[in-house]
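Right after this note come the structures.
Shared chain: chain A. Partners: chain B in the first complex, chain C in the second.
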Partner chain A sequence: MLSFLKNLFSQKEPEVQPTHATQSVYTSIDENIHYIKQGLYESDDIQIQKMTIQNKQSVIIYLETMVKTEQIQQNFLDPLMDESIELDNKINQLLANPDFKQENQLDQVIHSMIQGNCVLYFEGETHCYLLNSPQATHRSPDEPPNEKTIRGSHKGFIEDLDSNINFVRKRIQNPQLTVKYITKGDEENIKIAILYINGIANEETIAQVKERIEAISTDMIFSPGYIEEMIEEKQFSPFQQVLLTERPDRVDANLIEGRVAILTEGATDTLIVPVSFFTFFQSPDDYNNKYLAGSFFRILRLFSFLGALTLPAIYIAVVGFHFETIPYKMVGLVKGSIESIPFSPLSEALVMTITIELIREAGIRLPSPIGQTIGIVGGLIIGESVVNAGIISNIMVIVIALTAIMSFVIPVYELGNTVRLLSIPVMIGAATLGFVGIIFAFMIIAIHMCSIESFGTPYLSPLTPTRFSEFKDGIVRVPSWMMNRRPKDIQPQKKIFQKDSREWDNNE
Partner chain B sequence: MNSKTNITTFQLGFLLIHAQIGVGILSMPHDIFKMAEEDSWITILLTGMFIQIFILLYGALQNRFPNKNLFEIARTLLGKKIGNIVTVLFSMAYISFAINVLARYVYLLNAWMMPHTPKWALLGVMCFTVFIIAKKNLQIIARFSIIASVVFTGFVISALFSMKDANFSFLLPVGANGVMPIIKGVQATTYSYFGYEFFLLFSPFIQPANKGIVRAATIANIFVTGFYFILVVVTIMYFTKKELLMIPEPVLFLIKSISFKIIERPDLFFTSMWIVLVATTLMITLYAVILGFRTVMTKAKINYIAIAVIALIFLGTLPINDMFKIKAFTTFNDQYLRIVIWALPIILLLISFIFNKKEVVKDK
Partner chain C sequence: MRKYILSYLMISISLTLLLTACWDQRLLRDHSLILAIGYDREKPDKILKTVSFPAPESQSNDVQGQGNASSTSEIVSTIGNTVKDAEKKLDNTIPEKFDRSKTRLVIFGEELAKEGIFSTLDSIYRDLRGPINAYTAIFTGTAQEALSIQADESILTSDMYAELIDSAEHSGIIKNYTISQTRPLMLAQGMDLVLPLLSLDKNDKPQIVGTALFQGDKMTGTLDTKETIIFLMLADKVTENLAINLQVSEEHEEPDKNFVNIDIRSIKRKLNVETKGNQVKANVEVDLTVEIDEYAEDHLDNKKRSDSLEKKIQQKLEKIAEQTIQKLQEAGNDSLAIGEKVRAYHHSTWQDLDWEETYKDMEIESSFKVDITHHGIIN
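Coming up: the complex of A and B.
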């Protein structure tokens, strides 16, 4: 019934199928020029140069915006012009060059022109030559500003897929590192690369990743976020189910552990699957620090996750419902602070949370000198005067500021956002039922987290399902010579990661 | 069986622990003390052993039908019709158990923490939370109960914390009142232990099949006995006889008396944490009910069954709203559960022995 109505009211758009007629190269220059111009819809950046090379009529056609002309001149035209060698011999020599290819399908020719090839055609022949010299501007592989580390590698991915894969291959010099390309985006033809290490990564996971990416049907893949939303399991979950990173070293470590990385042309972010919740609390810095400091910071981050989620809620519950939990000596302090405030604790908290979000959002969008000013104006002046004016209690300002700091401690920016958003329902729970409300909000969040699986990996592993041996890297960080096995939850084919690396120490 | 819903024996152990420990822990020392007085701790140990006998008997039954749950066993042994009746009897027993748990949860929360909150609100939020997990699979419940186990550490630590004011002589004299009070105490305590029989229902979910199930149940039983033992011993040592006979929730009073520098009334936190234990008990019970109804009505959708069961429990709890009704209902529930949970599996085991019926395990 429903589908019938849908059919009734939806006008069927005639699907325009792009014609993939295979037109082979014409035998005259003008016909070819005409076809290519038509194929590119008379675009104004087509450059056509007719010339005579060793008495043969020829033409080069290219998109001036995509081709580096000096290189064409240097690498191909100059040698061809050299009259000391016969033209056919010269061409045969040049065909040994991977950037010089023979092609006889015109549609393929047009496609490669878009990718930065230059077409060379000699009158009367049934094929043409493609000269590859794309014009590309690369920025330097700077350290990504949102994943800074103090020590270790400072390299970051750039917007070029080939360079990014090059960075990974440079780190993992292993023939088992496999790259699979999938082209997606019907109007855009974006290249997506799936990277994994054959023999370590779980085959089922690889097949699943491929299947899900193949299933994507869209005109455009604007950013890795598109892919992320299309391949993740729980599509409405507030929790991040895919690790986004711009660091080659992080991709390297995850590939070796047996995960799969997805890189996209034109994006600096790499998607890594499968991940568990605790992956988001790991930072490459942990491994550069001593194990004690690394473990401490990791536990600090986990606690700040819990803190950011609950701190404002606990304050609201204590002030609103359970005033008796405040120690005797602090009662006067707290009471004095909130007594003259005209609003309920919940609205106080919401106003302050939104203010902090505003400051953060404004700070990101503005250039950094002004951004700092906004931070000072927002943080210090508003915070100070809002208390002086008696609109919001000073303890609430402390609580909300602490919450914000705690949420920024989480090394993955997206999860920090999740926490700040989730703290609002927890606050509402606290405002309606006190501690009981917090507990129920928490239980619902925990139930949701228990039911998430990322490509077959339980989200809360290794905490639950419990593998105490994996707490070593999942929750704390033990010294690196103790982490001998790969995490079991991603079901790697090769389970042993290393053997005893401190053998020299046992030889007494 | 879908491999995604399988659980490990480790998870089974936690499921059993959470099914057993629930709404009663706050008041249990008081209930036992009324019967067995200073010998309550002996009662706890005895009950643990008594329950262990049942676990072994159930294990024998389960061993004969490794890939079937209790409801399916009943259907094979007694035929489809009687099997269905047994299944419904079991499910009703669990529904009444859930009603009792909820009634006590609402009563205690109202008395202790939230005197002005309407009962239906406390009930509704609990029913909702339990509903969203019980309609999922057992694996998720198992994962959740492992996280929820953090609560036990809180209780044990705070109980041990109050040992500094404990008086060991309150445990003496041992056995002064003779054996009868202890036995009577056992009778009163078994109700707090119900939940161990769930392994009969969950055994088909365990992979690798049929290995270590009884061991997991035994370990869970030891844990539960130990946990109750600590609570009972600490409360007996902390309160005098007169006090303990008077206060209905000795564990909360115990925790209330501890005051830290930063938290004045830790009992409020513990009451909140105790809600998690109530929720896990309810989740597992409800899942068992849904499992039961699924065996009877194979075509009904899980969601509809879950909604119907939750609505039934919600409406059933509303009228039980004071201490006397709860007491009466508990007595009824206790007897009903004893008949169903003790008698039925044993009868099934006997039938299976007498007629020598066994599941034929296919060679792989």
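Coming up: the complex of A and C.
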């Protein structure tokens, strides 16, 4: 069936290979100007300025939208205009500057103009000079709004790859931190950086990451989600298999544990592999809290995952099949509330779930003052009147609202979405077979989760394969001086993370 | 190939889920929950089944779906050959289906209890969703009468009864058995069943009047409340904080001063059984540590007075105990489990005996030892 679907959607197109003509620099100004103009398709933001520098005819060509002109003037043109030093000597001097390069391929020249270079050409020469002074606006590294923490670092990645790597290096000042660039896309326009710590990260994992990223063949990567879908193992799985984060501190912690980070130019999200299911329940805040609070919140999140998945289903199963399991003191209350509801429990739950999803979706895209209004209108007014009108029972409203809250507790937003989506098949199971149906749905989900591997790491590790010693950081959060070993599931080269950090305490 | 397996799997899963035809769905909103059941003998050989369930909310001006639990009870009675027969007829009397899985209390009319209750409970023992943890009680009259009373506005009849016997057990006045616990007691040799006995007072309010004694599954006698307390001590069934009020003298003019109220702090019971040939003799020793709650006569700091009070309490308790044991023997109710002890430790004797006969005539002695350790926060 699947292969049929695949055939249906894939339309074969003849492969077009882009031709890269190699044209060296012409010897006349006009020819060069003409070629560059043609190469940029007569774009209107091309600026051409002819001038004479120390009696030599010359021209500078640049894209005014990409170049910071004052800097060019200050750093390059002013020194060149200085007549006290001979021009050739001056140029030789300037070539020591990494922003001043010599180039003799015109196509390369055009390509670098797009990246913010300015072209300087002297009449009669067979090469030109590229003056690098890109115009760039960076926003400040604010804390990402979807990964807020109470304590700890409040820095977030920005849309500039170099700055992002800078943030990581600033925190891990270690020569072993390795950055590997891979340029992707048919026009060679996407820069991807793979970061790992040599000597800690598993070499096989690194090789696998490189291999999978090399294999990507696309014109444009619009978002890290593209890379994610191309490198993850189970391509149809509803579960997140790559950790997306915008926090430098999270990336650092994971790098030091032996994972690999993938950064992309123009994106704030960093991909971290390999991950296990329980990684998604860890928040940097856990480590800033005391260990008891950290463990408590982490277990709370695990429970809310289970709750978000099962609560509506359990409610449906109980009122539809097994109402003898309701405690005696509650049964009258429940009965009173669903007595006159016209819908079946399943449709009741679906209507409410979809309503909540609508409110959420509407709230995200709107500016915050209107978003709040939507929250109030949706949450309070609809919730209240739907019950008053007798369409939905108030217990169902409680259950669905609780489910929504539980799904938002999970620190990784994507996994919260997964849970809310998965709760629907579980509900259908509950509505057809009661508790047995929930068990069926759970079995299918569990079997699927057991079968996932993320870059050689079992997804449910450390639960299966069971390694109780790793519950220390996987499921609860023990005091930091007890976490002496790196997680085994990512097979780091260096297993010991720290020695006894409370040695001072032993002598007493 | 792997992809085909996946698609077959998907098809088979969706078929199992879609073709179940709602399996055995029982929607809560389509069932009326029976919260208390009463069984009576309808002359000469029919069963009268009475059920109490929360009355459906009046639909008129009430906001729907608001989830107010109904607080008024309604009752329906039907007559049938057996319990299930009566139950089938019940379903024809109301628009919804009855469901008895949440029943809290099963009440038997005295008359039916005297004829035996086992066959009445049979259908509950068999039922997958039978209310086997509902309490059982006997009513001195008909169960229909018991369930017909008009309770206060705010409480269901079933709740009122259930909470009445529940709180009575907490204060150590009676011992409750659930339906599942009654079965072994009815069938066992050398052990017998006792159930709380309820009645209505002059104002039609339910109250506990003692204990109904059973031989096998037939009710054969009763104990009043004071005897019940002593019985529970003798049978080692006192669960917690039991208090007894006893008259220890008659000489005071102020009537209050003739009484003492004791609160039992700890209790130790020992049951000794001796056999000589086919003669069985039993001796029940009860050691009590008590606190004096109320004793207007006072001066308990005086050792002599305190000792004499202890003695008086002992005598009083022993007297009631004697009376209680006599009633138990008359009823043929061996709930002190003497038979069990004989069967376990003197098995050869047991095999020779007709226990029911032996029990009625055997000698059972009881002795109390009272130790006053606390007398409140004064002196």
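The rule we apply is simple: the second predicted complex is superposed on the first by the 490 of 508 C-alpha atoms of A that agree within 3 Å, B and C clash if a C-alpha of one lies under 4 Å from a C-alpha of the other, contacts with A are read in each partner's own complex, and residues count from 1 in each chain.
Just so we're on the same page, a contact is a pair of C-beta atoms (placed from the backbone, for glycine too) under 8 Å apart; a residue touches a chain by one contact, two chains touch by 3 or more.
Remember, it's a predicted structure, so these values are computed and weren't measured experimentally.
Undergrad: Does the superposition put A:248 against chain B (first), chain C (second), both, or neither?
TA: neither
Undergrad: Name the contact category of A:433: first (chain B only), second (chain C only), both, or neither.
TA: Touch partners of A:433: chain B and chain C.
Undergrad: Which partner chains sit in contact with A:116 here, chain B, chain C, both or neither? Use first/second/both/neither.
TA: A:116 sits against neither chain B nor chain C.
Undergrad: According to the stated criteria, A:464 is in contact with first (chain B), second (chain C), both, or neither; which is it?
TA: A:464: touches chain B, not chain C.
Undergrad: Using the superposition on chain A described above, determine whether A:324 touches chain B (first), chain C (second), both, or neither.
TA: Both partners, chain B and chain C.
Undergrad: Thinking of the overlay built on chain A, is A:444 touched by chain B (first), by chain C (second), by both, or by neither?
TA: It touches chain B and chain C both.
Undergrad: Looking at chain A, does chain B or chain C touch a larger number of its residues?
TA: C
Undergrad: Of the two partner chains, chain B (first) and chain C (second), which one does A:387 touch, if any: first, second, both, or neither?
TA: second
Undergrad: Would you sort A:411 into first (chain B), second (chain C), both or neither based on which partner it touches?
TA: neither
Undergrad: In the superposed arrangement, which partner chain does A:474 touch: chain B (first), chain C (second), both, or neither?
TA: A:474: touches no partner chain.
Undergrad: Can you list the residues of chain A that touch chain B in one structure and chain C in the other?
TA: Overlap of chain B and chain C footprints on chain A: residues 321, 324, 326, 328, 433-434, 437, 440, 444.
Undergrad: Within the complex, which stretch of chain B touches chain A?
TA: Chain B residues touching chain A: 8, 10-11, 109, 113-114, 117, 121-122, 125-126, 129, 132-133, 136, 140, 142-144, 146-148, 259, 261-265, 268-269, 271-273, 275-276, 279.
Undergrad: What does chain A use to touch chain B in their complex?
TA: Chain A residues touching chain B: 321-322, 324-328, 433-440, 443-444, 446-447, 450-451, 458, 460, 463-466.
Undergrad: Which of the residues in chain A end up touching chain C in this complex?
TA: Of all residues in chain A, those touching chain C are 1-3, 318-321, 323-324, 326, 328, 331-341, 344-345, 387-395, 428-429, 432-434, 437, 440, 444.
Undergrad: Using the touch rule from the top, collect the residues of chain C that touch chain A in their complex.
TA: The touching residues are 3-4, 6-7, 10, 13, 16-18, 20, 22-29, 31, 33, 54, 56-57, 59, 63-70, 99, 101-102, 104, 129, 156.
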